[in-house]
Structure formats: structure tokens, C-alpha cells
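Presented below are the structures under discussion, each in the form of C-alpha cells.
Two complexes are shown next, each including subunit A; its partner changes from subunit B in the first to subunit C in the second.
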Partner chain A sequence: MSTELEWITEVDDHRIKTPVLQVEDVAISYETRKGDVPAVRDVSFDILRGEAHSIVGESGCGKSTVAFGIVNFLGRNGRIVNGRILFQGQDLVGRPQEELRRIRGDRIAMVYQDPMQALNPSMRLGDQMSEVLIVHRGMEKKAAEEKCLEMLNRVYMPDAANVMRRYPHQISGGQQQRVVIAMALLNDPALLIMDEPTTALDVTVEAVVLDLIAELQRVFDTAIMYISHNLGVVARVSTKVGVMYAGEIVERATVKDVYLRPYHPYTQGLMRCVPRLGMDKRSSFLYPIPGRVPSPANLPPGCVFEPRCDYSREECRLKRPALRAIEPRHWVRCHFAEEVAQMGWEPPEEVLADLATPAEFDRTAEPILKVSRAKTYYEAPSKKLLSREKLYVKAVDDVSIEVIKGETLGIVGESGCGKSTLVKTVIGMEKPTAGEFEFMGVDISTPVSKRDLSIIRELQMVFQNPDSTLNPSFTVGMQIGRALRRFKTVPKDHVRAEVMRLLNMMKLGELYYDRLPRQLSGGEKQRVGIARAIAARPELVLCDEPVSALDVSVQAAVLNLLMEIQAELGTTMIFIAHDLSVVRFFCDHIAVMYLGQIAEIGLAEAIYSPPYHPYTEALLSAVPIPDPSVEQKSIRLSGNVPSALNPPSGCRFHTRCPRKLGDVCETAAPPCQHMTDEHRIHCHIPLEELREMEMVVSIAG
Partner chain B sequence: MMTEMGALTQPSRWQKIWDSLSILWQSKVAVAGLILVLFWTLTAIFAPVVTQHEPNVEDAQARNEGPSAGHWLGTDHKGRDLWSRVAYGGRIVLVKWPVTESFWIPGGVAIWGVLIALAVGCTLGLLSGYYGGWVGEVVMRILDAMMAFPTILLYLIIIAAMGASATNVVIAITIAGSPGIARLVRGLALDIRTRDYIAAAETRGEPGLWMMFLEVLPNARGPIIIDAMLRVGYAIFSIGTLGFLGLGLPPPNPDWGSMVQAGHHHIFTNPWGVVWPTVAISSLVVGLSLLADGLREESLRYQ
Partner chain C sequence: MLVRDYMTKHPLMVQPTMSIVDAQRFMGENNIRHLPIVGDGKRLLGLVTRQTLLVDPGRLGSLDVWEITRCLAGLTVQDVMVKAEHVIIVEQNATIEEAARIMVEKKIGCLLVVDDGVVTGVITEIDLLARLMEMMAARVPGVRVTVRQPNVSGELAKLVGAIAAQGWGIRALGGTPTPKDPSKWDVVVKVSNVPKDEIVAALRKVDGQEVVDVREV
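This part shows the complex of A and B:
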């Protein structure tokens, strides 16, 4: 940090902080055909100058609605029905459109999730940035451009002058988000609203953007309202946090207080169902919150959390609790918060009954799946009109893995590093270019259409997106039944009974047999997807990010379900995820992939402690951890994953490696160094040196 | 564990059908369209009941008359009752298709033409959209070439070559309609085949026919149904045009297009002979368009 920055932070601490935004008892409703739906009720909070205040909650709890309410962007059918929104002392509610627009443009800025949608694809970045100043400040073009260049430099945009002349698609996603943030700061806003600004980014890029946000807050003295569903991200960027549930703020305090001493049963539940980096399935459990978030059209009369609360009483059912200060600067919306805090928490019996003991597997057994020197290339259309030369996207390039029966192999890496392609090649949706694929002693280097039905049924897959994993035209029962009929798992007249058994096993119940996918929630759809995959009782289930699209409380339940299936059926699994805490929790072996190759592979605990591959080290230091007491080394990678069309020579990671040795990394492919039989690291750095690395994540005493 | 278990009771079959129809009542536009379409359909089905005269009986005493109690919509130049002719004229487009002179099947020429075009178009579209490859390319280029013809010219060529008969009109509608449907279905299939449930079916090793007709097609049905409604409208329009040009359905059976053709010679003495069949054609086509538009709007709003 420069001396100038330190000076500003210091002054900041002595300055009297004034609230920039005060939200008081705001309620927002959406008008629908079935009447008004109260999406947000009784929300109050304030944000001081230079403070980052987060709003955290699961999807559909009204986080974004609050933000849209502040900038009056609710759409035609939404309106603020109650409360005041004071921005720098002025009430924004009920002001004429024109005035609001001016305030919004001049002093409130907003950053959205997808930078590509915030930038105009047909304008050069310099032009669209300077337009802000020309329109709002009436600046001359020349002066505006200079100011923009200065701002880009302040957000550490590499090669800023050049970026000004480019179009949005010519820079990477992380850089796009940086441009959007720079643009938001151009008018020197008093309030910056960020709605999930890093959700679409890879964890390494996310870490860099989060660092930037934290620094901007100090330097610019801007009030930041940060909306996120990710507890880890919130812990990293903000000082205060409000936890939202079903349209209400249920708890609000400093990050430390909320994360380490939560009072509200919902907050406590959330903390119990996210895996912390380092937890694993053999030493700890995830406790999902039972039930589901009530729909805003059909809220319980008393406390909104009452139906799912372990401590619920008569009074909770009848009377709505108010948000009250339980300690100085710690507000909670619960009748019995003090008692709850004292009582401690024991998992209720029905939850305990569902916790599966993880399956054991024989580490010396013969592998069930052997992939050696696998290559999957896609042909890329040549850019030259007449060139005969063929270009290939080397999605998977020389990968060897072995999976032992009954274990779970995790595959991690940034997007575009070939995780999904590898799995799709194994299951036969992509044709391998080279390499040997052996599954249960049978060669499976053929596409699925040429495989024998008996092999097809042993290899099934669970998909990422709950909204597209089920065919919207067929009922749940028909979709699971189809897999049973196709593979003749049970005789024809037993299909219905078997589907019912599977539905019960998924904890869905028989009522779900006749439901259509659109009547199910995300977690329920994912359960049906899992039931369909295991219906044929396959040996190997490939899970391609099965929980990344789910809310944390649902994610815990689905992970527990997968563990239970594994314990019961002895299924082998390959588990792809980008969340390193989930992979660490769930998997026995882990492979770290980078740009189509394996960087490091080994037992889960070996991957998460030194020696590390430099890439693993960087990934681990980028993971946002939902625990403010954890110390984490800060290693940041620059740029994005290079194109697989033309991967870097030598070690593919050398362009971004913070521990690059020298020319050897650029010229020679890294050797495979064996730490133990199972743990291999592909790196030029000698093992002795790798061994001396420090732990990336450590819990402060 | 109670996780995510809602206590919904299963609605009955009738309830489900009513619910899916309720989307219709939400849109005033769709209801207006439905009323127009139902009016003409019911009139055509119950033509013998709702008319006082035979459509082909000529009354030499009452030629070129205006609307009256005896002839609700008036009479044409040969003294035939216009209401009766308009009502019976709807039959061939909406209610019965005389496959040969003596054999007819329910469902009019316009409806059957579009249905057969749907079958052909969906198959071609699915083949090229789901399988792709060079076969798909070739199919689509041939269909593109067919679409380059103006539709009415295509109709004229086909009818002129094969002769004017109800069956040939059906064939003409099929040939002129299927390329457009194929293009639509191909576009939808290209999108749908990227979904995860398609991948899930592929990893079950499902055969190609299952993939195309049970995994892809049902999920493309919304836009296809709306497009088909509009196409029925266009087909009615085209049949009218063919009739006006003298290439339509053979006389003496009433046909809206031929009625306009016959009536327009006497338009200055008796405009009613032109007005009523024109009103019939346009109100039916407008009704179908309104219905399709209303449905499209409502179904988009639900997404």
C-alpha cells in the first residue's frame, strides 16, 4: 500500500461518519394477477460514509428488490408501499421521476452481476466511459477522456490507454467488471450499490475484484451497499452485514458479530450448512435447514422463519417479532434470541437420522476407471478464408486419472480448464482424440451411441443447471421411470413401485410422482435429476457441478443425499465443482486442472496442505471463506486462463505463475514429481522447495 | 426430514385442463379471437340448422336483393341465399375435406393442409436441427430455395399443374407451408438440444427417434402451435385467393373465394355478394391471428 493510501485511511478513522443512506421501515410490493405480493417488508438499515454494508441472503429473499427500490428501478408493477429512503438526508420516496433520475446518475451508482450487459457492445470503452462525464458533468470530450484514463489507472487496469480504444468483447470478464466499477466511480458517487458483482467471475478473478472493492472503499470514502448470496465474499468485503430472509432483515451487526456470534436461528442455521475450507465429510457434518423459504404471497402469520425454526414456540406462530437491538449495534428479529443463544444447538432427531456416515473405500483396490494420456480436441473454424490449416481447441490435453471403486474424485479448476470436457469424454458425449479409456475392464473410447447398453447403464451423470436438467414436458415419475424401463432395471410392472422407492430415498415423497418440473424448486429438481441418474444403479456417477446453482441450505441437503447414496449403494463418483470448500468436504481424491492438463492430483488433505502446486496455492488463497477469524495468504493471479486454442509453451501456467523460475518454465513441459504414490505435482520447482511452502489458510489462535 | 415437501394435493384431470385453458381467458385479445373462430366453426358445422335455404337453390324471383327477413344477408345474382352460401362455404375450409368426390373426412382443407405441413415440416426441421451435419444443411438449402418462391405463385403453379380439387389444395398448402415450419422447428431444436435433459437422454443411449420426437419436439410445442394457428389463417386467405382466380374448389359448392369472384361482376348493382364472403374470410383470419397473438403474449408472460 502506498503512503498516500495509509494517510487517507488514518484521517478516515477520525472523521465523524455521517449516514449516506438511511432506509426506514421500507416495504415494497409487486402487483401481480393474484394481487399484491409483498416482496420486502420492514427493512431498515443505514450506511455510513466510507462503509461497506452487505445484504446477504438466499435467492428470492428480496435483496435485489431493496436495491432496486433505492434507485427506483422497480419496473412497472413494483412500488414502495411504506417507509422512507433518506439519501444524504433527502427522502427519495415519492419524488418525481426526473429528479430521481438526476440523483441516480449523479450521486448513486450501481454495478450489476453481468458486466457484459452493463457495457454497450458496439461502443468503444473510452467513448462510453466519457459519455457519463459529458452528459452528467457537461465536460469537454478531451477533459472527459483524460479523467476516464485516470480512473482506469486508479482501478489498476493494465494498459489503460489501450483499453480505452477497445470494445467490451476484446477484454476479459474481470477487466470488464473493472471498467464497470471505474465507470460507476467516475461521478464520484456518494453511494455505490453492487449487486452480486463477482458472482459471474472465476474465484481467482473474484479475489482480485474483491481486493479492488475493498481498496476503493478506503480511498474514495464511498458508502457501498454490497449484495451477495455468498457468505465468504461478504466476510471479505464488508464491515457490517444484514441477513435477509423472506423479505425481512432478520439480523444485522458487524461481520464479526454475525459470523462468530449469530443470534438468529436462521443465521445460525446458515453458518452450519456451509462447509468451511478444511472441513471434510469424515470429521464433520453439514446440517441443512429443513423446509423451504415461504413464498412472499403466502407468508406465515407470525415469525417468517417459524416453520423451519428448531426453537419455535406458540408465540412465534402468533406474533411477528420486531427487529430489536439485543446488544449495542447488533439487531435481531427473534422473540427469544437471548434464550436461543444460551441454549446451544443440538441437531434435531430427524436431521440426525439423515446424516450418513461417509462410505469407506479400499485404497488398494484396482481402479474402476483408468484414463491415460487422454486428449480431446475440438476443431476450431479457421479465421482465414482459404487456409487449409486446421486449428484445435485443446480442451483436454494429456490427462491421466484413475478412480478406485467406491471413492469420490473431485476435479477443480477455473472455468475453461477442461473439467467438463474430460467428464463428457468419459461418458461418451465427446469423442476423444487420443488416449486410453478403460472402465470396468472395457474400452470406452467410443461415443455413447456405439457403446453397449450394459456399459451405458453403469455410467450416469448429474447435471449442473437444475432448470434444464429435467424435460419440462414430462412428469417426474415418467422421467425416472424411463431410465428404469430403458435399462430394464426392474420388471415392467414394478417400475412404478421402484420410482416411488427412489422418490422416498430422495426424501421427496410419493406425491411428487405426478408433478411437472416447473412445479418444483431448484433443490427438488436436482434431487429428481439424481434419482434419474441412480435409477439404473450405475457403478460410476459423474456429477458436473451438481450443487453450484443451489442455495447454501439446499446445497447441504443435496450433498448429504449424495453421501447417503454412496454409503448405501457403494457408487463411485467423479465430482466437478468450482467451490474448493465443497470439494474438500466431499471428495477423497482431488485433481486440480489447469488449461486441459492436471497440475496436481492426490488425496484431498494432501492437496490442501503444502507442498502445493503454485496454481493450487493461488486457488486456495482466492477462496472466500465465511469466517472472519481465518488468516489467508493473499496470492493473486493476473489475467485470465489463456486460450486453449494456442496454449502457452512449456508449463501452461507460466504466464500467470507467481513462482515462475525462469526460461525453463517457458520451454520445457514440467516433470511429474511424486510426493507419495498418490500425490503428484507437475511443476519445475524441486520438491524440497515446494515442501517449504507455508499453509495458505490458517485459523488464527 | 420434511425438506422442501409442499403439501399440495393433486388436482383432477379436469382441473388441469381448465387451468391450461385459463391462460386463454387472461387475454382479452385471445378471447376476441376465440369468439370469432368459434362463431365460424360452429356456423359451418351446424350450417343445415342455422340456415333457411339450400345454398345452391336459385330463386329467380329474388335476384340481387339486399338483406331482408326472408334472406338475412340478401341474395346473389342468381337468387341464391347469401347467408346460406357463406355458412356452407365455411365447411370446406374448416369442417370437411372431400378427399375424393364421394369420400370426405372431418376437418377442413385449411386445417388438414396445415396439419400435414406440420408433420412434414417438423420431421425435416428436427432432422436438420437435432442431427445437423451435411444432411441437415442440404435439406435446409432445398427448403430455402422453395421459400424463395412467393407463396401465392407456388400455389398457382401447383394447382395449375395438378388441377383444381380439394385434395390438390391440401397438397399445395402442405408444400408451401412445410419449409417455413421446418425452419422454425430447426431453430427451436438447435436451442433445445443444448439443454441438460437432452444430454441426460443421450447418456441413456436413447435412439434418435425418441430423441427427436419425445425429448425435443414436446418442448418446442408452444411456438409451433401459435405458428400453426397463423398458418391456418394464411391458408384460408390463400384458398380465397385461389377461388377468386378461378383455381379454387370446384363449383357449384359454395366457396368464399369463388363467391367474391362471381359477385364482383355485379358489384355496382349488388355489393352484398362481395361484402359477405369478404367479411367471412377476413373475420376468420383476423380471429385466428388474434387468438395466436393473445396466446403468444400470455405464454411469454409466464416464462
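This part shows the complex of A and C:
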């Protein structure tokens, strides 16, 4: 038996350790008009019985291609050009479709990123689930339905019998993902491939789904191949991890080893560009990895990471490194891994020069934006045909915030909490129902079409998805220039020069002036979006999840860029994000929103340490943290954010609150308790009790 | 202690069209002795063991080497397998002693675990021996004492009471009728972290029982 097979997690297990899946030197290419594109090269790993193995890497690194290669979903132009894929001892490569189906049968199941797309929207959930059993196993409908119900209960689906009768759109995203997982497990597969199954979910839901996956793996003894870009998520579900870069596995070891002793420069780079929970911009920096993932059609001749590597030498340019064991059970693809690990890492000069010191702001200054008792309601169609009664979705209900000039206010909360609506109301895209909105002393409760141009100019927005916010048929230069012309920031004949200046500031370079959005990567598009927002030199920039759609290394670069802009122009920012580590890192003040109301607001460091609002506590305990030395309390919220159409009485969080006091939470609105002048918590629990809460995240030892 | 907790889930299985030459190699490579043959939906069709792969010379026309090769090349596992209806199976909700009984009675080393016609696992003699080992706490150091006691109810309670009175914990406990003497019962107890002499002294005091074997393991 090879040495790899000794790499077992449970010492007392006497069973034969035949790997469920053995991938050996696999290379996958896509045929294109320009010739074969080698998307994946030289990938080897194995997954033992009942083990979870993860693959991490940025987008475009070939993670999903490997998964598709295993299940033979490569599409018409993709094929495995080299290597073997052994599933339960039988080679899958090069067999005809029908034979593959018989070998693999229903022993491999796959769960995709977006649960909504994996479910048939026109079929009731019970029908599509039992179909699996009726088709594969020839079960009777009745028996199949019973089995499905049992499986739904297994994945802790609330009210499973009713869910069987519903359509996919009638349940929430987290529940949809549960249905998909239950469906994948119906055939009791030996191998379950999960391709970013929690990426589309909220942190709180993600935490629950991850717990579920870990439990099911134990109960069903299923081997799991878990694909993710988030090392924290990976650490929570799996023991071993392979780091992929540009179609190759560059490092492979246990999650703990990879986190504590990364050898490959790329893995090290990845660690440096993610903010850890608790880091803030004044005490630490994020170091983005320069450059970008090379296109598989145009790979460097030597090491694939060489162009972006800080330790690059002559040999790296010429010779391709092989994946070698640097320690027992730790493989790395680098010529100089030992030296790299010893040398330590100093940020290169040019990177340091680029890092701006974060802007200081005057805490005593007058607030630039004052929102008090803001309400934004959407009218909903009444359920009764002949009723005059109007129903309202209370997206934002009685929110008061103040933003001081030059600071950054972060807004966090699950989706559906009204974060975006609040921002949209401030900028005038939604009409406020009530409340006072004052910006630089001017009332801005009017919609954007009725606002004075000078106000519009001072308030700009950066959107989440750069793809849909850039006009695909206009060049970058035209799109940025349009804002300059409209707001007359510079005289007409200076527009081009100003655009160039902005492009340089965004570190894009003047070559980008004539490019179209489709020629840009996600990070570059977001930079253009930011350039367009700051073109008018606004006082306040509203960023709605500006980095959520980006890869970690790009995210670090964009965050640094935003900080630089802030330092240079003194811009005030409101920053919405669902990643609590990013918000902690980037913001000065943080508001935690729940169901249209503010649960807690205060200075960033105050929010992340006790006293907490129970909702903040739950959010923090849901953040996936890769660091094995960190201890995290496990608080899981049940259910979903209730509907804003009919919010719960009293404290809106009482239906899910793990610290609910009793009737008072259901009947009375929670009082606003002031910890300090700036820090307020809306909760019935007395301050003294809140102060005695333990830290959610603490470093062990 | 049910079969479903100790069986090997997701056993290696092959399709009925595999040639016996491949099956032979497959079993050798993966070091297995029993190979379930399944159709769609992991439905049990048959079982191939090393024995069933021994081709009956009567099937061969002659012992000519070409004839043998031709015959073997044409054979698939479905030609030689034990058909599903003859395969000895166990339910996943059966107890492990039930599985052991079937194996002992049929003199076989492996049972397929089949649920509604679908193969869910296999349980072998090794799985059961591993359980025996764990029940006797074979890997925990301690003192292992065999006590012979009359085969009447209440005797075991006396023994356990004597150990409990000292405040010790029992790591493992098992009993079997004394060989060739049905009126007696041999009980094995394992106690950790207590000196051997103290245990022996305490157990000698139990009325009507005899310490027949003491060893530190």
C-alpha cells in the first residue's frame, strides 16, 4: 500500500482504507477554435472513505473543472487528456457513457452553488425528490415519499411534511439548499461533490448548513469533495485541503498545517489578503497578491505562480516545479519552499509605498449625514380582492444614524434586513415614508429626480455587481467621462485628462480608456465602478457590498484602494457587507441591522467585544474562521429572517433570539440602552447582564 | 450495537457485465474477498467470492490453453455469481449478535447488508472481532481478571458490587459459560489504574466465587 493510504484520520479504524476517489495526474483540456486550452494539469489527490477533502482557490483556477471531470459533465468540448480517476477502484477515464453510468450509477452525487437552479421550479419539492427514488430504485410512489420525508427530517427541515407540497420558490435559500442536500443523499452516495454549496447563503444560514454537512458526513460515512474559495468554510467541514492555482494543485496538507505553516508563496499570499476577525485598518494592512491568475491558454513556461511571486528566481522562470512532499503529509509545488518558509515575508517596497495610512477623522465634528426615525415602506398588494386595507413591507422602520465627516460606517445584517433599502433611500432611489434626512444641512428626503444637481454630485454609490452596473457597449473612458461632464467637475477639454488621472489612481493605467467592460476582470470592473463614483469628488460614497462578488486577493486590492481614496480625498463612506471580518477591518462605526431596525450601533471595536446584542453575538459566532487556535462559541439561529410584511411584535428578534427573556420581548419594543454615548444596544436584557457576556471569538491557549 | 453502526458502508461493488478476469484483478488489487454485483440503484443481483471465480473445469471443452483463454474471455461475473436469492444477507437493523449467529451457522465470513433489495453495506467477521476487541477494552491498559462464579442470578451483581464498593470503574465486562461445566459462569472484568494485588484481594473476598486468572495487560 502506498504511503498516502496511511494518511488516515481515525487510528482505530480497522477497515481497508481503499480511497473512494483517487485522482492521478489528471489533465483536462477544452477544445476551442484557438486550439486546446489546458484548464487543469497534473492534479492528483485522493479521498478516503468517509473523509472530507476540500479544494480551495480563486475563481478560474479549475476547481469546478476537476469536479466536472469526475462526474463527466465537461461539456462537448472538454475532455480528460491524461491521468486516471479511480472511483471505488474502477477507472472512470475513457469509458463510454453507458458503462460510466453503470459504474458510477448513483454512487456519486453533486450539490451545486445555487440551490434555486438545481431545483425544478415547476414541480413540487416532494415530487422532484421522490422522482429520484422512483427512477433510480424503482420504488413505489408512496414508499418513495415516505423515504423523502424521513430524509428531510434528517436534514432538520422544519415542517418537512408541508415542505414536500411546496414549490421551490416558496421556501428560503437555506431551506432550498437543505432540500438539494437531502436529494443528493437519497441514494446514499459513496462520494458527494459539493461545489460552493454555501456561497450564496447568509453567514447565519451558512453556519447551520456547514454544521449539517459535517454531521451528515459522520452519519452516512460519505466521502465529500468540497469546493470553496473560503478557507474558513473549508476549515469547518474538512480535514484536508488542496490549494489550486491556475489549474494545478500547489499545496496539499491538512487544513491545520496549511493554515499554520503554509509553504507555497501563493498560499501565504492568500492568508495575507484576508482580514482576520478582529483586525482593523489602523493596526494592520492587507497585502493583495499583485497581478492576476494567468489564462490557461497562455501559461508561463516555468512555475505558474512565478509572475506574481515575490521570491521568483531564474529557475522558477525556466523549470516547472513538481508537487513534492516537503514534510510527511504535506505536499507543495515550489522549488524553494523550504527557503521561502524560513525567509519570512517582508512586504516589497513598492507595495508599502502604495499602502495609505487610513484617514483619521475628527470624532467631535458635526455629522455630515443625519438620518432620524427613517421609515421606508413598500406597498404590497392586499391579499383580499375587495379590501381597501393596504399592506406594507416595512423594509426600513425607524432607523436613526449619524455619519461624521471622513469616517466609514459599516452596516451588517442578514439579507432582507433592509441594509440596501436604507442606503437607497439616502441616495434617493427609494422614496422615504417618514423620517428626516439631512445631508450637509440640506434636506434630502426628496427622490433623486427632484434633487439639486449639487446634492446628487455629493452623494455617489458603488454597487455590488460591477457587471450589471456598467453599460456593456460604452468604453471605460466614456463611462467615467460621462459623470465628469454631467457634474461639470472639470472643464470640458480637461475631461480626458481627468479620466486618465482617475484610471491611474485606480491602478488601471491609461490603456484601459478604450476598453469595453467585457474586456475587464471582475476586480477591474469594480475599480471602474469606483472611479465613476468618485469622479464627481463626492462627499459621501455609499458602497453596497462592493467586494462581495470579488476574489479574496482582488478584494484586498479594492479595499486598499477605497482606503487610499478616503485618505486622499477625505471621503465619507457607508459600507455594506455581509463579511464581518471585512467590515471590522474597514469601518470605524458599525450598525447591526435586523429586520429594518438597528439592533446595535457603535464603534467597530465595541461591536466586536461584549456587551453584545444577542443578534450580533449570533452573527459573530457564525463567521467561519480558519485559524485552528481560535475558539468560537457556537450559537445557531433557527429559521429565517421573518417577513417584513408582518414583523414580529415587541422586539423583532424575539422569534429567533437565543437569549429571549420572556413575554416582555414579545410585547414591548426594546429600549435603547446606551453603553457609551456612541454605543447603543436595543435589547430588553439589562446592561449589567449584557456586560457579563463572554467573548464569542477568543484565541485559545 | 446494531449492524448499521458497524458495517462498512459504501462497499466496493461492480456491474454484472464485468469480465471475470477483471473481477479477479479488481478483488486482488483492492484486497477484498467478497464482491457484490449490483444493477441500477445498487439493487443486489449476486455475489462473487474468490471461490465462485474458480471456474469448474467441466465448463471447459478441453484443457487446451487456447480453449481455456477463449472460455475465460467470454465469462462475465453474472455467469458465475451466486444469484441474489441465494446470497445470505442481513438487515441493517439486526443486532450484531444476530449477524454473528448467521455467520457461525452458515460458516461464512461476510454478510451483505441489504435493505429493501438495495446493498447498503457489508459486515465481516473482522468487524465483529473488532467489536469483541473493543468490548473487552483490548487496547486499554489495566488488570484483566477472570472470575468463575455459580451460574445463578445475583452472582454478577455481587462481583460488580465488590468493585463498586472500592470506588473503581469497570472498563470492560464480559461473560461466557464455563467450558465443560454448565453450572458455572466465567466472567472477565477489566479495571484500570488500580494495582493488581488490591484487585485480587478485593475479589477474593466475594463469597462463592473464584479468581481463576489475573493478568496485567
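Keep this in mind: the second predicted complex is superposed on the first by the 681 of 701 C-alpha atoms of A that agree within 3 Å, B and C clash if a C-alpha of one lies under 4 Å from a C-alpha of the other, contacts with A are read in each partner's own complex, and residues count from 1 in each chain.
Assume a contact is a pair of C-beta atoms (placed from the backbone, for glycine too) under 8 Å apart; a residue touches a chain by one contact, two chains touch by 3 or more.
Worth saying up front: this structure is predicted, and the values here are computed from it rather than measured.
Participant: A:292 contacts which: subunit B (first), subunit C (second), both, neither?
Facilitator: After superposition on chain A, A:292 lies in contact with subunit B alone.
Participant: Under the stated touch criterion, which partner chain does A:103 make contact with: subunit B (first), subunit C (second), both, or neither?
Facilitator: second
Participant: What is the contact status of A:138 with respect to subunit B (first) and subunit C (second): first, second, both, or neither?
Facilitator: Second partner only, subunit C.
Participant: Tell me which partner touches more residues of subunit A in the superposed arrangement, subunit B or subunit C.
Facilitator: B
Participant: Once the shared chain is lined up, is A:239 touching subunit B (first), subunit C (second), both, or neither of them?
Facilitator: Neither: A:239 stays clear of subunit B and subunit C.
Participant: In the overlay, answer first, second, both or neither for which of subunit B and subunit C A:44 touches.
Facilitator: A:44 sits against neither subunit B nor subunit C.
Participant: After the superposition on A, what does A:429 contact: first (subunit B), second (subunit C), both or neither?
Facilitator: In the superposition, A:429 touches subunit B alone.
Participant: Same subunit A residues contacting subunit B and subunit C, which ones?
Facilitator: none
Participant: Which positions of subunit A touch subunit C when the two form their complex?
Facilitator: 12, 14-16, 18, 20, 49-50, 88-90, 99, 102-103, 105-107, 136-138, 187-190, 220-223
Participant: List the residues on subunit B that touch subunit A in their complex, please.
Facilitator: 1-6, 8, 10, 26, 195-197, 199-206, 215, 218-219, 221
Participant: Residue numbers of subunit A touching subunit B in their complex, please.
Facilitator: Against subunit B, the touching part of subunit A is residues 33, 288, 290-292, 350-351, 353-354, 427-429, 448-449, 451, 453, 456, 459-461, 463-465, 468-474, 482-483, 486-487, 507-509, 511, 514-515, 519, 521, 523-524, 529, 532-533, 554, 557.
Participant: Note which residues of subunit C are touching subunit A in the complex, please.
Facilitator: 8-10, 12-15, 17, 26, 29-32, 38, 40-43, 118, 120, 126-127, 130, 139
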